Structures are given as structure tokens and as C-alpha cells.
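In what follows, chain A forms one complex with chain B and a second complex with chain C.
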Partner chain A sequence: MVEGRMSKPLLIVEDLRVEINRHGSIVTPVDEVSFELQQGEILGLVGESGSGKTLTLKALMGLLPPGVVQVGGSISSRSGDVLQPLDPEKARGRIMAMIFQEPATALNPLRRVRDLIAEPFIVGHGVARNEARAKAVALMRAVGIPDPEQRSRAYPHQLSGGLRQRVMIAMALATESTLLLCDEPTTALDVTIQDQILGLLVELKRERDLTLVLVTHDLAVVSELCDRVAVMYAGRIVETGATADVFANPGHPYTAALLAAVPRFEPGGGDLTTIGGSPPDLRNVPSGCRFRTRCQYAFEECATAGHRLTHVADERQTACIHPAWIERGVAI
Partner chain B sequence: MMTDGPSQAYESDAVSSRRPLPGILVAGTVIVGVFVLLALLAPFIAPFDAVEQDIPNKLAAPSAEHWLGTDEVGRDVFSRLIWATRVDLPIGFLAALFPMILGTFLGALAAYFGGWVDFVVTRIAEVVQAFPIYVFLIALIFALGPGVKSILITFTVVSWVLYARLIRGEILRIRTREYVQAAEALGYSHARILTRHLLPNAGRQTLVYFASDIVLALITLAALSYFGLGVQPPTPEWGAMVAAGQRFLRTQWWLSVTPGLVIAALGTGLSLISDGLDEWLKDA
Partner chain C sequence: MTALLEIEKLTVQFGSATLTDRILRRRARVLRAVDDLSLTLEQGEALAVVGESGCGKSTLARAIVGLVPIASGRVHFDGMDIAGGRDRSTRRRIQMVFQDPGSSLNPSLTVRNTLAEVLKVHSMVPADRIGERCAELMDLVELPPAILDARPQRLSGGQKQRIGIARALAAEPDLLIADEAVAALDVSVQASVLNLLRQLRHRLGLTLLFISHDLAVVRNLCDRVAVMYLGTVVEESNTEEVFGNPRHPYTRALLSAVPRIGVKKTSGEAALAGEPPSPLALPLGCRFHPRCPIAAEVCRIEEPLLESRQQHAARCHFAWESTEPITIGEQP
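Let's turn to the complex of A and B:
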């Protein structure tokens, strides 16, 4: 499943830095974020609320909210064999599309479903209205909406949450983008529907040769779907690698702690493991490694270490300067 | 909020069902519809010409021939009331429509683009609003000379401000809604996002206000005509008719009272539409 993809980065993000300047105090919710996205993979971006994963996506789309600015870093995309700087304004709706977290509010309430889905065809590909509507119905069928003919005349509020999310996915597909950025696409849905939607995304990815970035805080989702994972903490990526490797053998204490905190349903499983303390206030982050104040392995040099992802194995990178300690599982 | 449960209410109630129209909206529409019909069919309904004088028969009391009597130069009052519908209705409508278009356009630009666009539009709006509205209207019409054209220009210049404020506030409110972001994420142009996604969602208050603004325009038009600044004689116009009949209020009171009642009736119809729309378009 993963053979040969190293040769084809679709997107390269280097040293992305996003700042919020509020009343003169500067906060950096995304800092020194670098990653590569391989053609045809599903990359999971995980982290707690406020770790910067959604803002990273929005920076890629060029849709940072007012007052939030990308102040550094470069994003390049590959077209053919050439890498060139990505112009989000031009890429939106052409090579990349976004799927939002809350399908209830991300669909224009005054437009019928068929017009919502037909719009990208009309705008982006100059398709005539009637043909676009026919294509919209076909897409509704493709994303598993039952009775698409009839439902195409519905307004968003007349559909259930799961169907709305399918409509949004259909809209993204209608742009014929091959890169889908999914911002917690199932967080707002029922657990049973979550599975259906994730299954749909994987199926569509396979059928249409899509590349997906999946922002989530659900580690189970990541382990099920994602080829690779990037773990974010306090605005930085602290570890990346193939999902199976990272989960089996975390290379950063934060990842290890996250995995340990996943509830397990085992007889006599005991108390839920938690990570002591709370994520740092972004206005006042610890020097060096941002996790060190909560890290059970922290050394003195962690306070002065610069943030750098280093290769620990093939395709594995970690920002921890003493990853070996985790394996030994020894607290200092 | 619905979820993908086993039983969805969707099949039975949704797709084609509409909310019932509020009674007052229907009533208002009927009243205004009657006026529209009167305007359209005036030549067939009005028994007499609007301007033809019959001096020997002036100031006649209501009779079988002249239902509402005749005015000071012997014109049939009932016919003039009907013909005046052709004057008052379109002027009132346009005197609200033009400001709505201008105000919505400027207000939407201000809210959507913000920055200096917003600054300039807001400052101009403040300057216009700083004048007492009637003083401003009368001064402008004096400057431009009385007549329909000046009335429309003046109304546009003066009352776009309210529309601009309305739409600006609404757009600022929904600007950060996710569906607007979603439209941006799909690569739609500014013009498309504004016209297809923002304005339809922001326009409810504007529509409601528009209906009541027509009433305002009608009454102001009548007032201006009363002062001799509006529609010029001999064109039949309700406000001018009220003014002309004033001299005979003791003896031929119907000359002033009937056009007043007509204005009140149309105003009531429009107000009912305005309130009805407000009720009907409330968030689903």
C-alpha cells in the first residue's frame, strides 16, 4: 500500500509559522511546522484542541481567519514533475478542497442540495446548469445518498447530519480536486455515522486516486485509516512516521503519553491514564521542548534544545532529543 | 438536530413542503394587489378622465354620476383617486427600490471587504445621517427643482444609508459562518460569494424594511406634494389632492379625506406585508 510513494511528494510544507497578533501580544499557534504529503496517501494530523492542526489546514487553504496571519514558511505543490510555490487562491476548488467539521453550518441554508453540488461544476468547469444538476445527482449517488433524485431538491436543514456531510463531500468532489483537506469530518456525527463517513472517504480515495489530510483528535480513526501520522503539540509537529510504526513504537514522549491515555476495554483495565498538567498557554510557552514541563523523561538540555525533527528510522522523525528513553520506559 | 436514525421524518414532511403563509401577509398582499390592479386597469375602471375640467359642475356633492363628487375645477374625484394610483404606487415603489439597491450594494461592499472601503462608506453614511431627514429632502428637492425625477434622486441619496447599515450589520454577522468559508474553500469568486451566498442569507431584514419603506416613501411623497414640491398639477396625486381639498374642508370634506383614506389603506397593506414577511422569513 505504501510502496514507492516516497518519490512523489504532492505537497511540501516547510517551517510554516502562523501568528495571531492581539493587542500587541503575539501568539504563535503554528510554529515551525514542516511535513511532506505523498501522492495518494492519507496523512493524519493529530493533537489536542489548540495544538494548531486546524490552523495548519486553514493556512494551506489560505483561509486563515481575520487577524491570524501566516508569517513564515513555504508551501509548495507538485504539478507534473515540478514543485512550485502553492498559491492557495488559485488552488482552492481546483487542486484542493476542504471538508468542514460541522456540516450543519457549512452548507448554505438557502440553497437546494443539487445547486450546492452543481455549483463547483458550473463555476470551475463551465458546465451548463442542467448538466451540472445531473452530475450533482450522480455524485450524490456516488457518495451513498439514497434516493438522490428526490433528495437533490431538499434544503440542507431537511437532511440528517450524516447526509449533510455526504453532501459536503460531494461538493468537494465536484471541484475535481484530488487533494482533500478534512477538518475533523466526523466529530459532529454519531458514532455509527462516523464509521460510514470514514469508510466513504477511504473508498472514494481509492476510486478517485485522492490524497487526504485528516485532522482529528481520535487516535482510533488515525490507526484505522491513516498511512502516515503527524502528531502536533502546542503548535509544533513533534513526531511523524508511518502510523503503524508510530503507534507500535512512539518516538516522542507526548505520542507515548497520548497512546497510553487511550481508554482500553479490558477486564480489570484499571484507571484511565492521563497526561499530567495541561498544554502550555501559547502566550507563554516553555523554552526548548514545549512538552518538557509535562514529560516524565525531561533532561536539563531539553530546556535549551532547538526544535528539529530528526530521522530516527526510515520515514520516522521525532523532535525528541532522547527518544531512546521511551523504549526503556524508565522514568527519571 | 436530526441524525441518521432508523426513522427519518424526512420522507414524509420535507422536500416539497413549505411553511404556510401568515394571514397578515396574505391580507397585505390582497390589499396591495387591489391597488396594483387599479393602477393597471385605471382606463377601464375610472369613469372620467383625470384632468378634464368641468367648471360649471365644480365642487359637486357625491352623486350617482360622480361617486365622490367633483373638485374645485369640476374633475371627478373618484376617477382622480384611481388615476393617482398610477402615479403614487410606482413612485413610492421606486423611491424605496433605488435606495435599497444602492444601499445594499455599498453596505455589502463595506462589510465584505472591510478596511478602507468600510471606512469610506461608513463615514459617508454618517454624514448623510447627520442631517435631519426631511430638511435634507426638502433642501435637495429645492436644489434640483420639483418633480418626479428629483424625488427619486433625492430619496436615493438620502435613504440608502439605512439599507447600507442593515446589510452591513447582517453580513458582518454571517461573514464568519462556515458556509461562507466553505464557499471560499471551493474557490468561488468574491462576486459569487457575495451575491449567491451572503446576500440571500443577509437580505431578510432588508426585504422586511423595504416593504415598510415604501409606506414611508408614499407618505413623504404625499407630504412633499402637499407642500407643492412633489408631483405637479394637474397630474392626479393623493398628497396634492389632500392639499387642494383643504380649503373646502368645512363644506366638501371628502375632497381631502378620501385621498387620505386611500393613502392609509395602501399604507396598511404594505405594513401588513412587511410584518408578514418578517414572520414568514424567521429563521427556520
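Let's turn to the complex of A and C:
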């Protein structure tokens, strides 16, 4: 099933590099990031704070904050059979839309919900205001907002966090984009509401044939939702593959350590496995593999190895050069 | 075991008649954050209070430490009534660790001064032993002594939370209240802080009240769990009993809403529909009935009592209808 898709990536990111120049000292929060996004999949970008996952997403969207610049790499998107460089300014709101973490601050507080959702119809597709509002109400129903007619006149602050996130999803759908970039869409929500929103994303993806990139720090959310996962550490992707495979049999020591640190939903409360040390200061990253200073399997070559994702099995790539980990990957 | 903390029919409310209310002779809008709540904490145990935002778990913690006034009810600590106020020595014996170490530490004080302040206020050690004690505290929370001269700004999130714990421990408390103490931390850091809390608890014989929304964390750390919904406890028992045999439909929904590694979500079906009603307008009867999948006529009319069977209490009319164990999430 994957074969057919593999040949037609929707988005190809190659060697993406993002820099911040602060008082003359340059840090690279996103470095040599390459991945492909297949039509119709949900890809998870997972990592801890500062791993570069959100900036990667913002670079795709062309929404890097001031002072943060993409200095290298290419992003290309497919339209029909042609791959062409992605122009975020043009693609934003047409083929791709973003769902932000904090709907409380991402929604314009001065506009009614129906106008927020209607705007893409009016601006992007030239639909008349009344018709656009009717479409907005229909979308509100589609994303599971109860009493959409009544709620459509509300302002964002009058809605709960869960409803605001549904409004944001409706706004993204209103652009008629088929690629949704989601930045921690459920992190600010309670667990029962998170469950609802994740379910909504699964349904919408199926009904509307969407492709999703999901940035999150929560490995369990990735496991629930994503077909494939890319694990980021200190600005680089260290492992990618099918989510179930990666989580069952990690092919990089960082992925393994991260998985071991998550409290499992199982009886018994022993000590959790921790990762010694802390993520490197981006102003002063270790040479070679950036995880080597915290890695219990590190050996000499790790200090000089270049960063390269190696195929170890179908769909499975790891940046680790340690034979034991590569063997594990191949064994899958 | 003897009870260290006994809470009986505790009510905490916010909002009283404003000037406008008085002029218009309106009834004041009162929010009952904690409503008729009873809870007992045995010496040396770790009790988790779990629930979603707005359920009153943090208010409960703040009422116990004396940060919010108590409207009615009894709070007994080691046999003393502390509902109306407490003397300094009792205050010392109940300490709190806050969620966000970034904003709960004084940014202008060095770590040494932060700790020394507590030692002086409570006359914990003679003045000439303060330095020595600070170093011991650092050792206790596994931080290098060099950090004593740093200000919070220079510390990582995990280090700041360890300082938060050291500050609480400086007062040598009997009861430690941790309010979402690991919620803001990355998973690898969270694991090490959880391990630290577990070790300290056993080493110092602390009684722990652990407020959290994260059920996996709670299962890992605590002996007993109380589930709160809209200001009151709806279920309470030892951890394995609550997780393995939940009797309240809210607990069941909460448990099945938790995302798990290795379980993929394939439908939009959510564990629980809707959102909690406003605590300003509590539903009549059982406060969970509007969202409850098994609600019956009696639930709309009569508020259920917290009924116990073999040290397992649940506030549901149907909790003990059938005694078959109910398991959540163990099925494929």
C-alpha cells in the first residue's frame, strides 16, 4: 500500500537549514533536515523543547519569526506530476494551512468566529459575504461545534479551549488546503478534549483526503495518530520510519532513551530511565553526532561522523553509525 | 497508619457580592471551586489528585497550604484544626512545589539566598550553619553546589524545578504538596524529577499530595488516587484499584482518553463527548450526568453520595450495580 505512495511525495524537504543571528553569534536551530511527505499520510515531527521541530514547520509555512532565517536547503511541492520549488507566500492559505498550539492567542480576538472562518472564502475564493458566512456555519458543524448558528456570532474569548481549537481547524479547512501543518494542536487541552480533537483530525483526514504534519513533544500522541515519525534532536532528524516500527524497535539511541523515559500507562512504579546530561547548547554543539555526549553506546568515530540518514530497512532511516543500532534497524 | 491530613466537607468559593450587585440587590455569582470535599491523607503515603482543568484540584492544594480562604469545612493537620489559620510552625510543616519554576522563584535572588531565606524565617539552623545546610540541600536534589551562586535565569527548567523542591525541603516539611510539578518539563527531565521525588519521599518519610492531570505519571508515582470532577471527588481508592477497576464513568472515560504508545487511533470516536459545564451553573443531580454515557432518570434528580466498598469509593448511582471488574485499554 505504501509502495504506490512512496513514488509520489507531496513535499520534499532537502537539507533545510535555519539560522538565528544574535549579536553576531550564529546558532543553527534547524540543520540538515531532510524528509519527504507522502500524499495522504500523517507525519509526526517529535522532539523535546529546542529540537527544532516547530521552526522546521514554520520554515515550511514561511512563517519564521523575525531574526530567524532559512539559509539553506530546498522545499519542493508536487502539483500534478511536476515537482516545483515551494513558494510559502503563495502556498499559504491555498494548498497548506497551519493549526497553532494556542488557539487563545492565534485567533483575532476582535472578530466573530463566523468572520474568522469566512475570511478565507472571501479573500481566497471571492465568495460573497453572506454565502461565506453560511459556509462558515457548515464548517463549524463539520468540525463538531454544537449549536453552530448561535456560536458563529461568538468572539473567541467566549469559547472554551476545545471549541477554539475546533474553530482554528475550521479556518484551516476553509482555505481548502489539503496539507495541514499542526503545531502541538492538543498540548494546551485537557485529555478528554485532546481525545476529541485527535479523533476529529483522523475523521477529517479520511473524509477530505488531507495530508498532515503533526509537531508534538508527546510520543503517545504520535503513536495514536501518525503513520510515520521523524525524531528530532538538537536541530537534526536522527531517525525516521513507520511509527509502529520506530516505537517498537528504535534504530537510534536517542529514540530509545526518549521512549524509555516516558512513564508507561502500566501497573507498577519503578524508577524511570533517564537520559544523562542535557541537550547541547546550540551555540556549542558537539562535533559529529550531536547526541554522542549523552549516548551510552558512543565510540570514537561518533565524534567525526557526518550527519547522514542511512536506509536500514524499507522506509527506515537512522543517523546512528553504531553497528549495533544499524543491525537492529536491519533486523526489522 | 495514622491520618496526617483530614479534610471534611471542605468548600472553597470565589466571588462575593460586588458593589453593583448590592446596588441592584442581585445575588452574587459565586463559583464553588471546591465543593463539599472530604479526603484523608495517611502518614507517609503519596496521594494523587487528578482531574481536568477547572476541576478544583489546584484550589484544593492552595486551600491546604492556606493560600486561599476556606468557606466552610474542617481541615485537620496532625490533629490540629488549620481551617481558620495556622501558626508559623504548622505552616512550616506543609510545603508546596509549584508548576512553573520559572515564575515561582524570585529572579533577583541567587539560589543560596532563596534557600537561606527559608532557613532563616523558620530558624531551621543556626546562622553559621546556613551555608553548610544549603550545600546539603543541593546534594539532596542532586545538583552541583556551584549552582548555589546562580540566579534562576541561568538555570534550565529541570534545575529550576529541583531548586523549587529544595526550597520546599529546606523547611523540613511533613507534607509536601506538588501542584503539576512536572507538567512543564520535557519527558527526559520529567523522568529524572519524578525519580527524585520518589527517592526523597522514601528517604525523608514525606507524605505527598501530588496534583496532576497526567494519569501515566500518577500511576508511576502514587499509592492512592482521588479523581476530581467539578469541585468534588468522584472516585477514590488505591492506584491499581482506580486504574484497574474504575467504578465511575468519568474515571473510565478519563482513562480511555489517555493516548498510549502502541495504540493507534482509527476512528473519531471519543471517550467522552462535550465539555464540562461551567462551575458557575452546576447541573442538578449528578454533576457528571450531562456528559455521562450511562446517565438515567435518577441521575438528573438526585446527587449520588460517595459510596465505599472495600476502601474504594465512587460517587455514582450505578458504581456498585455490578461488581464485575471493568478494565480499560487492556483489550486490543
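We adopt the following convention: the second predicted complex is superposed on the first by the 315 of 332 C-alpha atoms of A that agree within 3 Å, B and C clash if a C-alpha of one lies under 4 Å from a C-alpha of the other, contacts with A are read in each partner's own complex, and residues count from 1 in each chain.
Throughout what follows, contacts are C-beta pairs under 8 Å (C-beta built on N, C-alpha and C of every residue); 3 or more make two chains touch, one makes a residue touch a chain.
Computed from a prediction, not measured in an experiment: that's the story for all the values here.
Once the two complexes are laid over each other on the shared chain, residue contacts for A:175 go to chain B alone; chain C is not touched. Judged by the touch definition given at the top, the superposed model places A:224 against chain C, while chain B stays out of reach.
In the superposed model, A:138 makes contact with neither chain B nor chain C. After overlaying the two complexes on the shared chain, residue contacts for A:98 are found with chain B alone; chain C is out of touch. Judged by the touch definition given at the top, the superposed model places A:154 against chain B, while chain C stays out of reach. In the superposition on chain A, contact of A:194 is made with chain C only, not with chain B. Using the contact criterion defined above for the overlaid structures, shared-chain residue A:313 touches neither chain B nor chain C, since it reaches no partner. Of the two partner chains, neither chain B nor chain C is touched by A:26. Contact with chain C, but none with chain B, is seen for A:247 once the two complexes are overlaid on the shared chain. Touched by chain B in one complex and by chain C in the other are residues 160, 162-163, 190, 192-193, 196 of chain A. Of all the residues in chain A, the ones that touch chain B in their complex are 61, 63, 65-66, 89, 91-94, 97-98, 100, 102, 104-111, 119-120, 123-124, 150-151, 153-154, 157-163, 168, 171-172, 175, 189-190, 192-193, 196.
Interface of chain C with chain A (complex): residues 52-53, 156-158, 186-192, 194-195, 198, 213-217, 219-222, 239-240, 243-244, 253-254, 257-275, 329.
Interface of chain B with chain A (complex): residues 1-5, 8, 10, 14-16, 114, 176-179, 181-189, 192, 196-197, 200-201, 284. Those residues of chain A whose C-beta lies close enough to touch chain C in the complex are 48-49, 146, 160, 162-163, 190-196, 198-200, 202-203, 217-221, 223-225, 243-244, 247-248, 257-259, 261-267, 269, 271-275, 278.
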